[in-house]
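Next up: the structures, one after another.
First chain A sits with chain B, and in the next complex the same chain sits with chain C.
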Partner chain A sequence: MIASFLQALVNGTLAGAVLALPALGFNTVYAVLRFPNFAIASLATIGAFAGWIANVLWGWPAPAALVVAFVIAGAAGAATDALALRPLRPRGAIMAAIGSVALDLLLQNAVRFGFGNDPRGYNLPVFRDWQVAGIAIGPQEVEDAGLALVAMVALFLLLRFTRIGKTMRAVADNAALAESKGIDPARVAWIANSVGFGLAGIGGMLVALDTSLDPLTGFRVLLSIFAAAVVGGLGSIPGAVAGAFVVGIGEEFSTLFLAPTYRTAIGFLAILVVLSFRPRGLFGERAY
Partner chain B sequence: MGSLVSRRAVLGGSLALPLLARTGFAAAPIPLGAINPLTGAGGAYGPSMAKVAQALTARINGAGGVLGRPLALDVEDDQTNPTVGVEAAHKLIDVNKVVAIVGTWASSVTTAVAPLCWQSHTMLFCVSGADSITKLPHHGYIIRTQPNTYLQSGRAAQFLLQRQAERVFGLSAQTPFAVDSWNRLAQVLGQGGASGIGDIIYDPKQISFRSEIGKALARKPDTLFLNSYAPDLEILLRETYQAGFDGKRFTFAYAATNAVLKALPAGVTNGLFSFAPSPDLASPAYRAVQGILGVNDPDPYSCQIYDHVSLVALAIAKAGTASGVAIHDNVRKISQGAGEKVSDPVAGLRLLAAGKEINYEGASGPCDFTPSGDIVSCKFLFQVAENQRNKTLFIS
Partner chain C sequence: MVDYLASLAVFAGLYALLGLGLNLVWGLGGMVNLGLAGFFAIGAYTSALAALHLHFPLVAAALSAMLLAAASGALLAVVTARLKGDYLAIVTLGFAEVIQLIASNEIWLTNGTDGLSAIPAPGRGALSPLGFDLASAGIVWVVAAAAAAALGRLSAAPYGRVLRAIREDEMVARVAGKNVLSFKISAFAASAAVMGLAGSLYATYDGYVAPDSFDVLVTLLVVLAVTAGGVGRMQGALLGGVLVVALSEGTRFLGGLLPGLSALQMASLRQGVIGLFLLLLLRLRPEGLLPERMRVHPLNDQGGKIR
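And then the complex of A and B:
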């Protein structure tokens, strides 16, 4: 039983680390623009396909391909927001959120039109698990978690020490006050979208590295991303990370007591519990 | 004074006019629907199924249609999703007024669509495998060209016994046929001296199955039965390899697609056994499907939808009228019995016009059906993955 417990903890931690990146992206965008952008699912898929082009067609190694995933998903996120969602934002968060669902479906089908439905794989070897005291640990998953950690640290440094990060935090804390101090909200929105969806692109590629790459890669983790963001606190950067680990580990632990069929219900359960007892999430709305 | 002609009739007539002008038919088209998985988990098959249905419809129309009327085929995408499938069926039945729907693929979609069909007396031709489908109270309005789960799983178990499997563990995506498949497989394994030691049903939308695999391998199986679709099979193959499993792995051919094999290193997929109901490779209808798709080895579902369209056309011709009831009453009269064997629907239509009896044998096989709508028999193709491609072992 202890071995099963530890194995679930390891699996959940590694899954949570990968989930944390798109959740961070989701909350970065929410913190600045104040609406849930569900197009993050397809933008994560776009990042995964961009990384696939770099890795398989150009022969680039995975870390370099992740940079391509960040740039392309970030650019696509900023561009699609400017074209499709910015006109909707003055009509309220609900309208923008509904628009983002439509945008997600549009992008998903655009990927399908361009790449087809067949699953694809990256040009990377698959390694056997390490066995550590009876616990199986996947080298690829550890590497993915490490890369996710690097991206998370980079985001924290960006927000903490750079002028861009400070303007983003200022807008997240009080958009009206920030604008009165001369901060251009449109420019900050563009930066938040680029960074947020860039992180989602990296997360999408990391998910695809472990699973399969097809037009639904991002959609399959959308519920978990949303659950992580809500559990941690919508708009909260550290909350997204904490929420991702809670959801990742919670889903794995559920399999110790429930049939695996019910595993994905844990995401819904987490959302319900948090909204019932702590609507602002574990970390509230504090962006940083 | 009320309008003598409804707006819908005017609209329908105006939409039909270009078709009539184009095809040279004086009579109104016979509306026919196809619900195919153009996207989603079945997206590897839907586009080719739709292409075959459209090409055969065009060929029949080019040869004079059915009873002097063209077939008007409307293809809808179900996204391999029962909710979307039901929306598509409502549109086809309520708006298009189709006489039959062909080519539903996923068992969940067929199960959801079937009540709409039998309630409206619309014939439903499916390629889904779940046993429960033909046990529905469909009153004869379902015809299935895919062998049911009982037939498939029994044959799968015999193959595993031939390969000296002794301890088989099942990892099954949550589908309407998951439980029936496993129960039949375990039953035949038991009769052959092996054992089905356990089965886990999983949610296929997960991104990792490490916990499920850990539980399975803890039971020390020598064979894993992966009852999966393509996206989850890719993850299962990767993660069972990572977990150090070196035993036999067996799955359905619709999951072990060449795309899945190419997405993973050969070392991960080599030795994966898969099977599928085999089309009749010697049939002229099979060669017709090869020609339509431009490939040597068309998938079984494209072959089956060729037969669906053929059966619809021939049953209508036999009945002398186009309706779901007419197809229901006549489909077995043209697909089995002592009539002249035909594999070309156009040739069959000519024979029927000449007053002859026919027995259609199609691309997928004999097309003989039980009273409940299941096929009586078919052959199976067994294959093994080698260097990122499926290699045929045998057909029997």
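And then the complex of A and C:
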């Protein structure tokens, strides 16, 4: 009993670290542009496929392939936002959100058109699980979580110490004031989208490494991403990380007493509970 | 050919009905519902199960479908009513996913991904297949027209005026002494009930329900119907239902233009076109073909434009 408890805690922590990346991406974009961009699901998938091309077709190792996932997903996210969603934003957050669902459908089907529905695998060495005090720990999962942590630290350093990060925080804090100080909102939107969806792309590939790669890879974790973002506080950067660990561990514990197919429904339950008792999430809506 | 058109007419009427539900809550109340496929599914499954296991007649099955859909709509509205619309968008989208998950996994109740079949419908045995399609199209369109008329009345009534006031400025409505929360919850529940009714008619007509009929594509098609017809205009949803079916059937003919595609590529092209079409529509003609007519006070007339 205690062993399965600890096992769930370990698995949940590792899963939470991976989930934190798309959740950070979602909240980074929300903090700057002030609407939920649902296209994050297919952009995570696009990142996973870009990484697959680098890893399987070009023979690159996983960390290098993750860089490709970041670049392609970030570029695709920033370009599609500028093309399709920016013109909708003056009509309100809801219009942009609806547009992003349509964009998600478009991108998901573009991937399906090109790659088909059959699941694919990456070209990675398979390791035997480590056994520590009766708990099985997968080296691949540990490496994934480690890579996710590196990406998270990079984002914090970017936001905290660079001029770009300062600009993004200024817009998140007060967009009108930032604009009056000469910060170009379109440029900040490009940066926030590139960084946010780039992280989603890395997250998508890490999820695909652990599960499977097909056009719905990102969509399957969408509910968990929402849950992490809302539990932590919509638009909050530290909140996304905290929310991801809460949701990751919660989903893993749920498998102790629920059918594993319902693990993503736990995220939805977490959303309802948090909105009922702490509507602004654990960390509130302040970005940073 | 006639039976094909008759079955298209049924689906156009169902989309119109779903569009009316969305128009009530989004067009009038300014609250988005990206999980309407979930309410549609609740209506379809409730009605199917009531007819299959409890032998409810059509009207009783439809009423129970509306009731359950309304109750779940009210629950979601209660949780999100005090928050910004973003939360409602996220929660409703997630809700539809969870409903699909439950429909796929609670095999004892829903028969899982195999779906429920042989759902009884009055007249299916007595009429020829064509006669059944035509009768169904007639019933669905009578229901849709009645719902459009009723919601049109509601929208002109004080209730609709308050909803529009909440949409434009919640604070003003509150200052005017309106209980914003209860208006939001009741509108959301009523709209979910209309969607549940559409689900019940769908299950009865089709005789078969399965989880994959209730994915996010349905939601997008209905958003497309409402946007095309005109957000806030009830007749617009009727027009929108017809347009959406024409569009999604029209994309079938893309195959003739682009030979050499696999069936899967064709299917993804069709879905992609629908996403693209909605994006273009939101961009180029967001007020729809039948824009909402706003009465503007003469002292505040800026050309009668709505923002």
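Basically, the second predicted complex is superposed on the first by the 282 of 288 C-alpha atoms of A that agree within 3 Å, B and C clash if a C-alpha of one lies under 4 Å from a C-alpha of the other, contacts with A are read in each partner's own complex, and residues count from 1 in each chain.
Rule of thumb we're sticking to: a residue touches a chain if its C-beta (ideal position, glycine included) is under 8 Å from a C-beta of that chain, and two chains touch if they have at least 3 such contacts.
The shown structure was predicted, so the numbers you read here are calculated from the model rather than taken from an experiment.
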Superposition on chain A - do chain B and chain C clash or fit: clash
First (chain B), second (chain C), both or neither touched by A:E252: first
First, second, both or neither for A:A84, with chain B first and chain C second: second
Which of chain B and chain C A:P260 touches, first, second, both or neither: first
Touched partner set for A:V142, first chain B, second chain C, both or neither: neither
Contacts of A:R112 with chain B and chain C, given as first, second, both or neither: both
Partner chain in contact with A:S212 - chain B first, chain C second, else both or neither: first
Partner chain in contact with A:V230 - chain B first, chain C second, else both or neither: second
Partner chain(s) touched by A:F127 [first = chain B, second = chain C, both, neither]: first
Touched partner set for A:I98, first chain B, second chain C, both or neither: second
Part of chain B, among the options 19-27, 109-117 or 271-279, whose backbone runs into chain C after overlay: 109-117
Where chain A meets both chain C and chain B, residue numbers: 109, 112, 116-117, 259, 261, 264
Of all residues in chain C, those that touch chain A in their complex: 30, 32, 34, 79-80, 82-87, 89-91, 93-95, 97-98, 101-102, 104-105, 216-217, 219-220, 223, 264-265, 268-269, 271-272, 274-276, 278-279, 282-283, 286
Complex contact set, residues of chain B against chain A: 39-40, 43-44, 174, 200-203, 205-212, 214-215, 230-231, 234-235, 238-239, 241-244, 257, 259-260, 262-265, 267-268
Residues of chain A that touch chain B when the two form their complex: 4, 7-8, 11, 15, 109, 112, 116-121, 125-129, 131, 136, 138, 140, 207, 210-216, 220-221, 224, 252, 255, 259-261, 263-264
Touching residues (chain side chain A, partner chain C) in the complex: 30, 35-36, 38, 84, 87-88, 91, 93-95, 97-99, 101-106, 109-110, 112-113, 116-117, 222-223, 226-227, 229-230, 234, 259, 261-262, 264-265, 267-268, 271-272, 275-276, 279
